[in-house]
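Pasting a structure below so you can have a look.
The chains carry the letters A, B, C, D, E, F and G, assigned in the order they are written, with residues numbered from 1 in each.
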Amino acid sequence: MHSVILATASRYLLALILMFSVFMLLRGHNEPGGGFVGGLVAAAAYALYFLANGLDAARLIFRFEPLRTSALGLFLALLSTLPSLVTGQPFMTAIWVDTGIAPIGKVGTPLLFDLGIYLLVLGITLTIIFSLAEEDGLS
Amino acid sequence: MNDILSGSLLLLGSVFILLSAVGILRMPDLYTRMSATTKASTLGIGLVLLGTVFYWQDFGIASRAVAIIVFLFLTAPVAAHVIGRAAYLGKVPLWEKTIINEFKKSEHPSENGSSMHE
Amino acid sequence: MTTLLAIIIGVLYAAGIYLILRRSMVRVIFGLILLGHAANLMIFTVGRLTKGSPAFVPEGAESIITRPFADPLPQALILTAIVIGFGVQAFAIVLFRRTYQTLKTGDLDEMRNTDRLPEKLP
Amino acid sequence: MNFMEWAVQASVIVIGLSILIIFLRLVIGPSIEDRIVALDLLSANAIAFIAVYSIQKNSTTFLDVGIILALLAFLSTVAFAFYLGGKQRP
Amino acid sequence: MNRIIILPVLLPFATAVLMLLFPRRIATHRLLSLLSGVLLLAVSSLMLWSVLDGGILSLQAGGWAAPFGITMVADTLSCTMLTMASLIGLTTTIYSIGSINPKEEHNLYHPLIQLLLMGISGAFLTGDVFNLYVWFEVMLISSFVLLVLEGRPEQLEGAIKYVMLNLLSSAIFLAAVGLLYGMAGTLNMADLAVRLPLLHHPELLSVVAMLFLITFGIKAAVFPLFFWLPASYHTPPIAVSAILAGLLTKVGVYAIMRFFTTIFILPETDFIYQILLWVSALTMATGVLGAVAQYDIRKLLSFHIISQIGYMIFAVAIHSPLAIAGGLVFIVHNIIAKTNLFYLSGIMRQLTGSWDLRQMGGLYARYPLLSLLFLLPALALAGIPPLSGFWAKLTVILAGIEAEQWPVVAVALFVSLLTLFSMIKIWNEAFWKDDPREEAHRDSGRHLHELSSREKIAMAAPVVLLGLLTVLSGLWFEPLFVIANRAALELLDPSLYIKAVRGGMP
Amino acid sequence: MLGLIATGFLASAMAPVLYKRYKENFGWIAVSFPLYMFFSFLSRYPRIAAGESLRESLPWVPSLGINFSFLLDGLSLTFALIITLVGAAVFLYAGAYMKGYKDAGKFYLSIGVFMTSMLGLVLADNMLLLFVFWELTSFSSYLLIGFNHHKESSRKSALQALLVTGGGGLALLAGILLLGSVTGTYEISSFYDMNRVITAHSLYPAIVALLLLGAFTKSAQFPFHFWLPNAMEAPTPVSAYLHSATMVKAGVYLIARLNHEIGGTPLWQDTVLVTGAVTMLFTATLAFRQTDLKKLLAYSTLAVLGTLVMLLGIGSELAIKAFFIYLIAHSLYKGTLFLVAGTIDHETGTRDIGKLGGLRKAMPVTAAAAALASFSMMGVIPLIGFIGKETVYKAILELDRWGLPLITAAVLANACVVMVTLLVGFRPFWGKAGETPKQAHEAPLKMLLGPALLAVLGLLIGLFPDFFISAMLEQSARSILSEELSLKIALWHGVNLVLILSFVTLLLGGLLYTLRPATLRHSFFSALPALIKPSSWYESALKGMLSFARLQTKTLQNGYLRNYSMVIVLAVLLSSSFALYKGYGKMPPVPDASITFYEAALGFIIIAATILLTTSTSRLKSVVSLGVLGFSIGIIFVIYGAPDVALTTFAIETLNVILFMLVLYRLPKFFNHSSSSNRIRDAVIAGSVGVFMTLVVLFSTSFELSSELKDYFASASLLEGKGRNVVNVILVDFRALDTLGEITVLAIAAIGVMTILKTGREGRA
Amino acid sequence: MTPFLLNILLAVAWMMLVGEVSAGTFTAGLLVGYLLLWLTRPGLGDTRYFSKVPLIISFVLYFLKELVIANLKVAYDIVTPKNYMAPGIIAVPLDVRSDIEITLFANLVTLTPGTLSLDVSSDKKTLYVHALYVKDAGQFRMELKNGLEKRLIEVMR
């Protein structure tokens, strides 16, 4: 399916939706959202781009290997649990940096954890979509 | 005062929404339904959201409502286009009273599939 | 509304069960998805309903004890369950697709080879 | 009941009615495109409902759901179209 | 010491994540797997020692006091199970290095095994009902993927059944968890144990308990919920079959044990034991008869899993201290022997080129040492003294006799005869019988000398190790029984568990 | 004794290695092992004879009351000496006999393990320890019977023996456990004086039944006797050792050992007596039709085993005396004759009595040994067999009940035994030479020493019974009857009824021998024993079990996924409805039935979409319905204050749509193969589940839920969790562990999807 | 549109989303926007943009007027029982050239009730429009080209 209209629109929507996804991620601790929804929205942005422009274009614009992105997400999630071990507190005890940042609120390991979720969800969604698309020869 | 403005916008929007709903039920074929109604809906929803902007009068909320409106106006026509196009290429029939068709099939030699009805 | 939700949950369970008892692969997948919905709605409902008041600590306040609010725990459980369900469903769908491609049939009744006993009596 | 409350009540009912009508189209079809259009419209109307509901419950958190809904409804419509337009695929 | 509890979950997770970051380095994967396996075994043994020495360990994840956060609890039962899981994890990793096709290793075999172990460890350690669901799902989905890693038609077919029925079980599990929260307002197992007896509306308890029983019954593959197991367990690479066979059903048994000795011990749920009793008899019988009917060695072994689960369920049904101890002994014995038999069947297949017993033969004459290694777990499974299985059978049946459950005891005894019969069937066909094929047609099997030394060592080491354990745990049964007894006493007196979880809380 | 047993197992384990090194000469090394044992037992003879019992104990599984306890008294010493002595003969013999076999190393391993286990069995003072050895003898016997495992008949016989004795073993185990639960101990010497306690217990009949079942199967009593003749598939040394001299006597030993503790009741005595008598007569007549040397010996062994059991059943002092003499006599002569049969087989290549004859010229020593043993077996003076038979007759005649039928049976049975002896011990050596596959030569020294030794010993004991066995006999009888006995044994008692009976027996035996060819032609005689044929009962039981297993597996594991699902659904439905009924037994109250317009509309849409989805014939329509359903459920979450859940639901639903759009081309179309009756049935079941779940939800929402957690989360979310979105704080902090698991699931799912598709591509490429 | 302008726009959008006008949020928006633009760079191509704010405003007003009129027209048709429709598909030759112009034009056409952009020809020179009230195909074409397309070109170039 190639539509100039959709393809053009998707290019501009991509940035917009991605921004929205980051927004969802960062303020999830205080408002609806969070890493999971953020990641899904980001994945939706790329999915839209893929539907409009094809697999090759989507891979090109995503730049990373989706599965590695998931692995990175898992790694960040793992990383977020380590400070608690190092500081001798029970596993996964949140460690907070004292100064807050305006839209996000306080920064701490839960945010890192959420970021990990974001990347993981983005990565695995795209892994699934890209694998299926590749399987159908939708390059 | 704000309540009046806000309430009126809600009502007006709702009416447009209802109109569009009736339209989608009454129109004779897919294309006429889409031509006629999807935008009425978009407009109606836009008005309702505007109503919320005036109800709360808060920058944060307003910007979110505006974001929805902008996004809807950006995407609704694209959505209508992709479905209309798919329907036409998928040979969803035109209303028998359609008076003119300048969209020749030969433009799309690859489109020879049958209707997508299952 | 709890009553209506109870009925909805019943309908979803019934439809889900009915579909997983079909022979057609794709219907079975739909059945699974329905069961997922049913379970989530059920957790939500039996966690008791509170209308229109999500569990958010309002600006300026430090806790939301002052007004009735929806129980956040069932919500968190459902969120986890939905996500897990999605992962598992996605896998199942692709598995079914691949199976169809390999075995050239979508009829589950024709997939009985792994349970077949050797023909010859011992 | 003041005007605002009345307007909200009326809107909820009108939007609910519209949703039912559109759902009727979804059930009738006849073409799959009709159903998809109906689905798209249903999601859009759900946004309107959420907006009105957030006024009724005086809770702004629901508005965020509207944004996501708009975005995702669009995406699923495109996905359906993608499928329908995919006949020429191998 | 309490902080160590998270390591059995964290270690495999971290290992898997590292491997996923470098998905193509197979050699690194193997090394990391081995390393993690050894560490995990060390950690779990240390935990077991520590629990035996100083009592139940608990950890409040995130530092949130029970019942608000998720509690991880390590008591004797979970530590024993954990030690078994890490042992099997390690041996399977070793065995895989010699038996798994490098193509599967490239398809992320090693990380998947680690994640499976993570799920299993989590399931054994968690003290939270919903968290248990999550670990079950981790376990399940990794087993799904492991099952179809090669993508052969029979694997797909088996996986369809495995996946569908297990997802059905997950749906029931979820519903049960929801209902339980809706009744008691808590998910913490210890907290549940405290609250359930005080409920104003306990009427639904029996339903909830029943739903949990069915969920875990499906996982444990009891009659009549076992169909997914024989339909699928014989299809994946044998290392995968082995680890699934050894560990997965036992997690179900563990859950039944945990729930019906710690949480559901109320008058409303007493009828469950009666149900378990009959279920156990039918499970033993149908499983062993299924095994008797098979000629594919993997199918035969798969049906055996079911039969043996029956004994463990029988133990729970009696739930006397001796019975629970016997059940745990049975689990330990069965994990070791059953996994070993799967490993052995893989070796037999390598040497004969077939899974079908009718196509095999001549192994006794050609490989006497292999024959001995086969006899150890096979006879243990049949309960021949003084191997581990004898004690398992003995304690469970003794418990049955003390509880005066004559019919089920009779079934258990008869089933053990049929178990012997089916093990002898393998022996007769594969070892004693002459190779049925002409010398010229034996190309499908490989001679021992054709295997590389990596393959030989990697496949033999686990078999020898587990065989030794079968013998040693038979000859020195007392320590194992002491541990099992300790576990049983802890289980039947939940106050220890509750105290460990909730601390000084009322 | 523990040391001796442990050494035994260790030595056995070394046998294959040593055999590899010493090959032909290994027989000489091997014999040192039983001989050493024999003499070490013999060295304890004086102490035992003096009335001492030697005890040793080491804890094994003290928590279960299982110890390595051993007891050496008259009874166990008798058995231990037989075991080691016959063992020595057999080991030596095997050194030559097994020369041609590739697997001789394994043979020595198995027979070594057997001998040690047998010793353990008779020495054990703990019932469970005894059971451990009991099972080990069964299994090593299995390996030995199936030694020629390339032959199907060997494998079959081995399996048969294992199943019969193994089954009996399980009964024995149950009996032991029952006994343990009655007495509170497994130590045999501990319940030595608990006869009252045991026999008065309500479980006593069960204990007797189970223990005897174990003993009878092991000692091949009717109707379990059939495995023994079939066990003749084993190499001859094995038959000589296990299946006549030692293992088959384990059951007899057990009865003797427990006689004092459990016996003395009519139940015990009569059961034992009748079983023994029936076995004796029935199996003796079965010998009539045999033509194979070993089979003939096997049936005569059965008759002897029956006799021994019968004697224990009689239980009088005289009977016990008879039991002992007969036991020793039989071990000596039957061991000899089996070895002789083996020698004949080895040298001539056949065991068919029809083909054998005149061997005495080629094999004079063998013939002499055979003759000596045969005289003993026939009960000819002055051999020990004579004393044995005399005492048996005497013991029977002493009986007031059943005396006449029993003596008749005994004479008949012994006549058959005489006939067998004539067939086995004389016929091959006398008359004219037969046509045998191989040219016969005298056997090598190793094969002569054993039988000769045993035969001569039979003669010596017969001549000097007092010197050899009196003391032992007294002590043994004390173990069985727990009475001080003084039993003098003498060869000659003058002419009396017993002597006449002995004479009649011999005559009758000779008569049978001469009549045999003629009677065999009559189908009546060959059909007679076949009327009662327990071996065919075994066959049909085995066959029936196999067909039932097949049928059951075919029925249950039928391959239909929908049946599997159905069973689970029904299990849930039936058991949970039962539980619900138990819990409530009434209809639920209807909580909160108030409803707004939009809720009703939403409910309508959800139900309609569900129905649409369920009945849809088009996949695409189904996906659209699913979309509607998902979005509507999302709206429910919005209405009830769960925006995060709603967001996630919407996102997941959309992803589901995308997923379906990507795979739908590769998924099969809908079809409807189910019959309408199936569909109705499924709909009814599914509907019932629906109703059940509705009821459950109504029940569980019919009262207030007080959750401590809810309030805690609300108050701690901002203060301690640093977030205003409580749900999110739960997800990333309070219950972050759940989330960790959840994302792991997602990652694995993605790996799975990728892998499945990848292997699919590779498969097609 | 230069990436820089786009970046500014995204920063503003960010401020709106966050609901707080401050240097901090603007900087954060700039950063987020920059990151995203870097990520999506290949998709944007080379576009030019120069500010024509008054033109844009008048264009928006014109379009809103058209939108409301058309909506009312269609609404009237829906609520009245009689059908005034004379639908057809018209090929409209395009003067707009770039993808973004075509897309904007087509979408604005679609947004107006009564018309629907079905497809763009593969040479991007013709837009096929489905319309509800076609009295004369030629006239319809001219109205569209002289009204919406002309004004759009004014704004875009």
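Everything that follows uses one rule, which is that a residue touches a chain if its C-beta (ideal position, glycine included) is under 8 Å from a C-beta of that chain, and two chains touch if they have at least 3 such contacts.
All values derive from a computational prediction rather than experimental measurement.
Engineer: Identify the chains in contact with chain C as well as chain F, in label order.
Structural biologist: A, D, E
Engineer: Write down the chain pair with more C-beta contact pairs when C-E is set against A-C.
Structural biologist: C-E
Engineer: Taking mean CA positions as centres, which chain lies farthest from chain F?
Structural biologist: Following the centroid criterion, the farthest chain would be G.
Engineer: Distance from the CA centroid of chain B to that of chain F, rounded to the nearest Å?
Structural biologist: Centre-to-centre distance between chain B and chain F: 79 Å.
Engineer: Using Cα averages as centroids, what's the distance between chain D and chain G in whole Å?
Structural biologist: Those two chain centres are 22 Å apart.
Engineer: Using mean CA coordinates as chain centres, what's the gap between chain E and chain G in Å?
Structural biologist: 63
Engineer: Per the centroid of Cα atoms for each chain, what is the distance between chain A and chain E, given in Å?
Structural biologist: One centre to the other, that is 36 Å.
Engineer: Of all the residues in chain B, which ones touch at least 2 other chains?
Structural biologist: Where chain B meets two or more other chains at a single residue, that happens at 22, 34, 37, 42, 58, 60-61, 64, 67, 71, 74-76, 78, 80-82, 85-86, 89, 116-118.
Engineer: Could you check chain D for residues that touch two or more other chains and list them?
Structural biologist: 15, 17, 19, 32, 36, 53, 59, 61, 64-65, 67-68, 71-72, 74-75, 78-82, 85-86, 89
Engineer: Residues touching two or more other chains, restricted to chain A: which are they?
Structural biologist: 1, 3, 5-6, 9, 16, 20, 30-33, 36-37, 41, 44, 47, 51, 67, 70-71, 74, 81, 92, 94, 124, 128, 132, 136
Engineer: So in the complex, the part of chain G that touches chain A is made up of which residues?
Structural biologist: Counting only chain G, the residues touching chain A are 6, 10, 13-14, 17-18, 20, 22, 24-25, 28, 32-33, 36-37, 39-40, 42-45, 99-100, 102-103, 106-107, 117, 119-120, 124.
Engineer: Inside the complex, what are the residues of chain A that reach chain G?
Structural biologist: Within the complex, chain A touches chain G at residues 3-5, 7-12, 14-16, 18-20, 22-23, 27, 49, 53, 57, 60-61, 63, 101-103.
Engineer: Where on chain D is chain F touching in the complex?
Structural biologist: Interface residues on chain D, with respect to chain F: 12-13, 15-17, 19-20, 23, 26-27, 29, 32, 35-36, 39, 42-43, 46, 49-50, 53, 59, 61-62, 64-65, 68-69, 72-73, 75-76, 79-80, 82-83, 86, 89.
Engineer: Under the definition above, what is the set of chain A residues touching chain C in their complex?
Structural biologist: Chain A reaches chain C through residues 30-32, 36, 124, 128, 132.
Engineer: Per the contact definition, I'd like the list of chain B residues that touch chain G in the complex.
Structural biologist: My answer: residues 16, 19, 22-23, 26-29, 31-32, 34-37, 39-40, 42-43, 58-61, 63-64, 66-67, 73-74, 76-78, 80-81, 84-85, 88-89, 94-95, 97-103, 107-108.
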